[in-house]
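By letter and in written order, the chains are A, B and C; residue numbering begins at 1 in each of them.
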Amino acid sequence: MTLTVLLVTFAVLLLIGMPISFCLALSSLAAIFFLDLSPLVVLQRIFAGVNVFALIAIPFFIYSGEIMLHGGASERMVRFARALVGHWRGGLGQVNVLTSLLFGGISGSAIAGVSAVGGVLIPKMKEQGYDADYAVNVTVSASTLGLMIPPSHNMIIYAIAAGGGVSVGTLFLGGILPGFVTAALLMVAAYAVARKRGYATTAFEGWAMIGDSLLAATPGLLMILIIVGGIRLGIFTPTEASAIAVVYGLAIGFWVYRELGIKSFWKITSNATRTVASVLFLIAAASAFGWVLAVSDAPAAVAEFMSSVTDNKIVALLMINAALLILGAVMDMAPLIIIATPIFLPIAQHFGMDPHQFGVMLIMNLGVGLITPPVGTALFVGCAVGETKMEAIMRTIWPFYLAHLGAILLVTFVPGFTLWIPEMLS
Amino acid sequence: VPATEARTFRSADIHPTDYPTVEAVRYMSDRLEALSGGEFDIRVYYGRQLGEERDTVEQTVFGAIDINRINIPVLNNVVTETNVLSLPFIFRSVEHRDKVLRGPIGREILDAMAPYGLVGLAFYDSGVRSFYTPDTAIRTPEDMTGLRIRVQNSDVAVAMVEDLGGNATPMEFGQVYEALRNGTIDGAENNWPSYSSTRHFEVARVYSLTQHSMVPEALVMSKLTWDKLTPEQQGWVRQAAEESIDEMRRLWDLRVADARERIIAAGNTIVDDIDKTPFIEAVQPVYEKHASDPVLADLVRRIQETPDD
Amino acid sequence: MTSTRPPLSRPSSRCTRSTLPTRCSPTLCAASRRPPMTDVPNDPTEPRPLDRAPGPVGRLLNGAAAVTQFFCTALMVVMTVIISWQIFGRFILNNTPKWSEQLAGVLMVYLTLLGGAIAVKEGRHIALTYFRDRFPVKLREAAWVVCHLLVLGFGLIMLVYGAKMAQLVQAWTIPTLGVSTSVNYWPFPVSGALIVAFSAQALVRAWRNTP
C-alpha cells in the first residue's frame, strides 16, 4: 500500500511536468505521511544521500571535465581524432566517435560530451555536407562512451549503491573494453549510414599530422593515466584522484595550453557548481525515495515477481536489461542507479553475475536512457546544439541504438568483456 | 497510556542477513511474538537498506525506525557516557567486559541514552579488535610509528592510534579494502569475523592480536515508540531483547571460530606474543583527554574495580 | 593550431521550441516567454541569465541568488583545496588531516542544497514536460501552477523541519570536527526559504502576467 502511494504520486507528478528531483522528494513525503512518520525522515535521507565522502568524486570529475572542456584539451582531441580517422567513410562521423572516446578519458558526463564534441563537430559536419540528423545521431550516441571510459562518476555512485565488495578501481578498468567495443560498433553504424547516404571521403592528412596532433593532445590524454594509474598504484583513493584531476586540469589549462585566466576560471567553476548541484540534488532526493522503497519491501517484491516468471538465467538477464532501458527512458541516470541497484543487483548475483560486470551493464543501459525520450538529457542537448527537431533524430537514430544494444548484450552474456582487463592487471 | 495496536517494529542493521546481530534480532522477534501472544514482531532491514548507522541513529530518534543495532563509536558523539566503552584497554578480558556490561554499570549506561531519545535494550558482543597490516608485525607501540592506520570516524579511535605513534586515517569502511591493497593506508583494525568477511585478510596478511578494544554494540529502541507502549508491553520488549543476548553470543562464537580457521588456513601470520603493558601506558593520554569528565572518570574507576569473576 | 572553441554557454534549446511547441495561453503567455521553470529541457552546463528588468523584490531575489551562487562557487574551490591538502598531508607531512573528509562531506551538502535552490530560480531541475505540453491550455496552466505550489510547499517543509532537525541534534557533535551536528542541517532552512521565495516569485509573475 505504501508502495502504491509512492509510485502513484511519483507518476502523477512526473506527468504534470514536476522536476524529477521534486517528484522523488514529494512522493517520498507522501509515503512518509501515509506511514504516519515525521517529514524529518525525508530531510534526513536527503542529507544522508549526499553526505557521503566517496560522492565528492562527482563534483570533482564534473568540475575537471568542465576545466578540460574550456581549457583547450577537448579541441586538441578533435584535431587528433581527425588526423587519425578523418579519411574513413563518414569521416567526421568517425572522428566524432573517436573524440568522444578520448573525451571520455577526461569526463564522465554524457552531457558535457555532447556539448564538448558536438559543439565543435556538429557545425563542421553540417558545413561539409553531412545531414544534421546524422551529425546529431553520431554525437549523442557516442557521448555515452564517457560513462564507460574512466573516470566515470556514475560508476562511483553505483559502487556506493552496491555497498561493500565493489571496487571503484575494478569498475573503472572493467568499463574500458566495453567502451571500446561500443565505440567500434558505433563506428560500424556510422560507416553503414554514411555509405548508404553516399557521404564523400576526404584525403589522409599524413602521419606527420597524426604525430603533431597527438603531441598537442597528450597532456589532456595523460589525465586518464594519472587517474587510473594513481588509484591502481595506491597513490590516492578514487575521491582524491578526482581532486587531482581538477588540479591537473587547471595546471595544464593555465600553464600548458594557456587558455585559462582567473576570470574564465571563476566562470568555469560557477558553471560546474550548477551542474553539480542539480546532479547531487537528484541523488539526494533519490535517496529518500530509495528509503521508502526499502521500507515497503519493493526489492523483495520485484525479486519474487521475477523468480515467479522465470528461473532461466538468460531470460532473467534480458528482463533486467529491458527494465533498465524502460526506466532509463523516463528517468535520469543518477537517481536510477541508486534506486535500481538494490533491486536488480541481488537478482543478477543470484544468477552468478559478478557485481562489477553488472555495474558496467547497468551503466550502459542507463546510458541509452540518456539518448532516449521522453527524458533524454544528452539527446535534448544534442538537438539544441545541432538545431534539429527531435522527431527527425528519432526517425534515423536506430542504427546507433542497434550498436548500443549489441554492446550491451555482449557485456551481459560475456563476463570477459568486463572482467578481463581488471583480472589481467591485478 | 493506551495500548499500542498489534504491529511489526522496523529494525535496522548495517550487517548482512546472516550476521549474528541480524539473526539475534530475528530471534528476539520470535520471542517477542511468543511473549505478546502474536501482537508484536520485528522486521529487520539488514545490509544498510535504511542507511548508514549515523543516519539510522537520527531516524531512530525521529521515530522512523523502532529498533536499531548500533556500534558504540557512532553513539559516542550523542551519549557521552558511552565513551567509556570505546576507551582502549578499558576491559581486561572478555569475562571482565561481560561482567561489567551485564551488571549495574551496563544498565546505567543503557539508561543514560533516554534523554537523547533512545531506550537502551541490551549490549551485544562485538568481539575483540586488533590491528592488521600487509607485512608489519606489531609487538610494541614502536612498531606502529608512522603507520597510516585506518580507524573508525571517532575521536577516541583517532586519539588512540596517534598516541600509539601511528598516523590515524579516518576512512569510509567501503574504501578500506582497496586502500590496503594499494598501499594508500598501511593497516586497519577489527575483530576476527570482520577481518574475514571484509576480505581484508587477503590484502593485510599480518594480524597482531593487540586486543586494544572490546567495544560492544548496542540494541536500542526509539523513545517515541517506547513511550507508546504500556508497561506490560515494554516488559515484553525488554525480556525478548535480553533473551537474544545469549543467542547472539552463541552465533558470534561460532563465527569467530569459523573466521579464525579460515584466516589461519589462508596462511596469514598471527602475532600473539604481545605484552600489552607498553600499549596501555602509551594510551593513557586518551583517558586524560576523553574521560576527564567526572561522570566518565567515575565510570572508568568503577569498571576497573569490577573483578573478572 | 587554431580551431573553433566551444562557447562557454550554448545556444538555448531550439530543439524543444520546435518539437515541444509552447502553446501559450493569454494569462501565462508572457510568463512562458521567459520559459517557466520546467519548460526547458536542461542543458545543465548552461547558466541562465537573471531577470533583466526586475522590481525591488526581483532585485532582492536576484541579489540573494547571486550571493548564494558566489558562495557555492567558493565552496567548490574550498573543497578542492581541502582534498588536495589531505593528499599533501598524507604524503609530504605523513600526517593525514583527520577533519578533511568530514568537512568536505558537510560542504558538499551545503553546495547541493543551496545550489538546488538556485536551480529552482533558474529552471534547471530536469523535468519531463512532454505530456504536460500536450495537455489542453487550461490544464497546462493548472499543472504549471500546481507544480510551483508543490515546490513551494516542499520549500516550506525544508524551512520548518530543517530548523526543527537542527534543533533536535543541537547537543550532538560531529566526530573529528568537534562542532554541533546541527551544522549539518543549517542549509535546509536556508535552502527552503530560498525555494519558497523563488517559487512564489514565479507564481506572482504568472499571476500578474509579467515576465
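The rule we apply is simple: contacts are C-beta pairs under 8 Å (C-beta built on N, C-alpha and C of every residue); 3 or more make two chains touch, one makes a residue touch a chain.
Predicted model, so just to flag it, every value in this text is computed and none were measured.
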item	value
Central chain (by mean CA position)	A
Chain pair, B-C or A-C, that carries the greater number of C-beta contacts	A-C
Whole-Å gap separating chain B and chain C, where each centre is the average of the chain's CA atoms	40
Centre distance in Å when chain A and chain C are each reduced to the mean of their C-alpha atoms	22
Residues of chain C whose C-beta touches two or more other chains	101-102, 168
Chain A, residues touching no fewer than two other chains	38, 40, 44, 47, 52-53, 236, 239
Junction residues of chain B, two or more chains touched	58, 62, 171-172
Residue ranges of chain C touching chain B (in the complex, touch as defined)	90, 94-96, 98, 101-102, 168-169, 171-176, 178, 181
Residues of chain A that touch chain B when the two form their complex	32, 37-38, 40-41, 44-45, 47-48, 52-54, 159-160, 163-165, 167-169, 231-239, 291, 294-295, 299, 342
Complex interface listing, chain B residues touching chain A	10, 45, 47-52, 55, 58-59, 62-64, 171-175, 177-179, 181-184, 198-199
Interface residues, chain C side, partner chain A - complex	1, 3-8, 10-16, 18-19, 37-39, 41-45, 47, 69, 72-73, 75-77, 79-80, 83-84, 86-87, 101-102, 104-106, 108-109, 111-116, 118-119, 122, 124-133, 143-144, 146-147, 150-151, 154, 157-158, 161-162, 164-165, 168, 184-185, 188
Chain C partner contacts - residues on chain A that touch it in the complex	13-22, 25-26, 29, 38-40, 42-44, 46-47, 50-53, 55-56, 59-60, 63, 66, 69-70, 72, 74-76, 78-79, 111-112, 115-116, 119-120, 123-124, 213, 216, 236, 239-240, 242-244, 246-247, 259, 264, 266-282, 284, 330, 332, 373-375, 377, 380-381, 383-385, 387-391
